[in-house]
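The same subunit A turns up in both complexes below, where it pairs with subunit B and then with subunit C.
And then the complex of A and B:
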């Protein structure tokens, strides 16, 4: 019986090395590529024959796009609409990774259950916020770290706290997604282990295994919800951080 | 008794024909999309844009705890790198861990909606 943490193991399929760095093709890369493939098929089919009255695929693509567009408009103002392409890409990539990782029997791997992946995505958002902030406001962007009406004496304490709080954003963003994905998959595996352990009771085989099986079915539904909600939360927080860069509070 | 009921009946009889055309004309003077409908549609559009499940997820203690951990971790990491860069043994990490703790507490207070960050809002009872 596999341990609950074995599902997160990175396996090198094609060992590669580039300039002293290990850039091997792994199961994580494979599932990221599969996620990208699914997203590409979904978007290409949906936009292949655009019609005034959309069909099912086109309606689904348009709905997702407008969902992100509306969210940015609401949280970052009309200017936020300009960043829909990036936030949409991040959202749909995270969503595809989260959902595909839940498929049983095919050896699915969830790239978003690794903090390296989520921190990378969070850093993209963080760097974007910095670039947009400095491009739009120049050095005035630093006023983000000075809350309104702060007495001069308190600035010595408040400004460093604000700076650390600002720098902590990519970490919270990354840890949130990573922790949710990891915890969910561990829980599924642990209850899967219970099914085997309880179901192999000699005097009355299979019967007791039904209890954790029921729990696992319910947990799978919950994990589907969490997969979607966490992708949404990631995009939502990214747009809230963008708001700071665009409008400086 | 009879007089009172008669007066009551009269008042009622008076009230009905006067009030009903008044309401009718007021209703007609409004445009077809009256305010109630517009407000309802705005509320619906807003609730559509921010799903309830995500909102609940966001205000849960779990997400707030994440906010705290992130800040402490960020402070510690920045301090560690500063120490490595400046060679100032444990000091930058100690100071920045403290700052990270403060920033985390601030994040938690901000996110849990106890106050909205404006210094004039002294009402902490909410």
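And then the complex of A and C:
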């Protein structure tokens, strides 16, 4: 009897090795490639024959793009628009990975339910923030950790706290996304187990399984919402961190 | 007490963190509803911040849940 955690197992389809490192093609790689395929089809077909008055598909692509553009402009100032390509890529990749994991029957795997994937994405954002911060302000970037007009005595306490809170950003970004995906999918599988358990009542089969089935339908709707919200929050936090780097307070 | 029982008990204790996070999430939505009742015109503009606040608070509860799951199923 499979447990709820088996859906997160990495299965190597094509074992490959590169200089001692395991670079096999796994189910995680497959689903990330499928996410890439969906995103590519969505974007390319949407903008294949652009018209001044957009059709539905083009309008959807434009809406998503402008959504990220407006978010960056609001949170990172007018210069934030320059980072739309990167933040948009991260956002739509996370969105596609989150959503694809919810497809039933095809043995879907959520790449973003692994801390390796989410930490990689969070590191992209964090390194971007550092590079942008140091490139723009040089060593003055460290003034980010010193709130304005702090007396020297208080600075000794506040600065280490600020530094630690800054360094924990990639980890909270990664853990937030991975924990949401993992917990949600585990919950779906646990209630799936309840459906089978309650439905296999010999005297009256299937009927009692309807109750956890209803809960599972509601949970799937919730998981769809959370998939979208977590992608949005990832991108929003990336914009806010970029604002710290660009505008230093 | 052997390791296996200690793990399961620890999982139960860790899962209590989800309850505390539930209080936090309820607070966020409650404050939003209160503010929306006072100033309905500004409610739509704040919806983005609502979702963001919810997600950040929920993350902490889910961290507790993941710790519980990791202990229970390892």
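The rule is short, and it goes like this: the second predicted complex is superposed on the first by the 248 of 249 C-alpha atoms of A that agree within 3 Å, B and C clash if a C-alpha of one lies under 4 Å from a C-alpha of the other, contacts with A are read in each partner's own complex, and residues count from 1 in each chain.
By our rule, contacts are C-beta pairs under 8 Å (C-beta built on N, C-alpha and C of every residue); 3 or more make two chains touch, one makes a residue touch a chain.
Here the structure is a predicted model, which means the values were calculated and not measured.
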item	value
Partner chain in contact with A:182 - subunit B first, subunit C second, else both or neither	second
Subunit B versus subunit C as contact partner of A:160, first or second or both or neither	first
Touched subunit A residues, subunit B compared with subunit C	B
Subunit B versus subunit C as contact partner of A:7, first or second or both or neither	neither
Subunit B versus subunit C as contact partner of A:229, first or second or both or neither	both
Partner chain(s) touched by A:148 [first = subunit B, second = subunit C, both, neither]	first
Touching partner for A:110 - first (subunit B), second (subunit C), both, neither	neither
Which superposed partner A:172 touches (first subunit B, second subunit C, both, neither)	both
Which of subunit B and subunit C A:239 touches, first, second, both or neither	neither
Shared subunit A surface residues [contacts with subunit B and with subunit C]	172, 175-176, 179, 229-230, 232-233, 236
Partner subunit A, residues of subunit B touching it in the complex	46, 49-51, 53-54, 57-58, 63, 66-67, 69-71, 73-75, 77-78, 96, 99-100, 102-104, 106-107, 117-119
Of all residues in subunit A, those that touch subunit C in their complex	3-5, 172, 175-176, 178-180, 182-183, 186, 229-230, 232-233, 236
Subunit B-touching residues of subunit A, taken from the complex the two chains share	67, 70-71, 74, 147-149, 157, 160-162, 164-165, 167-173, 175-176, 179, 225, 229-230, 232-233, 236
Touch list for subunit C against partner subunit A, complex	51-52, 54-56, 58-59, 62-63, 65-66, 69, 73
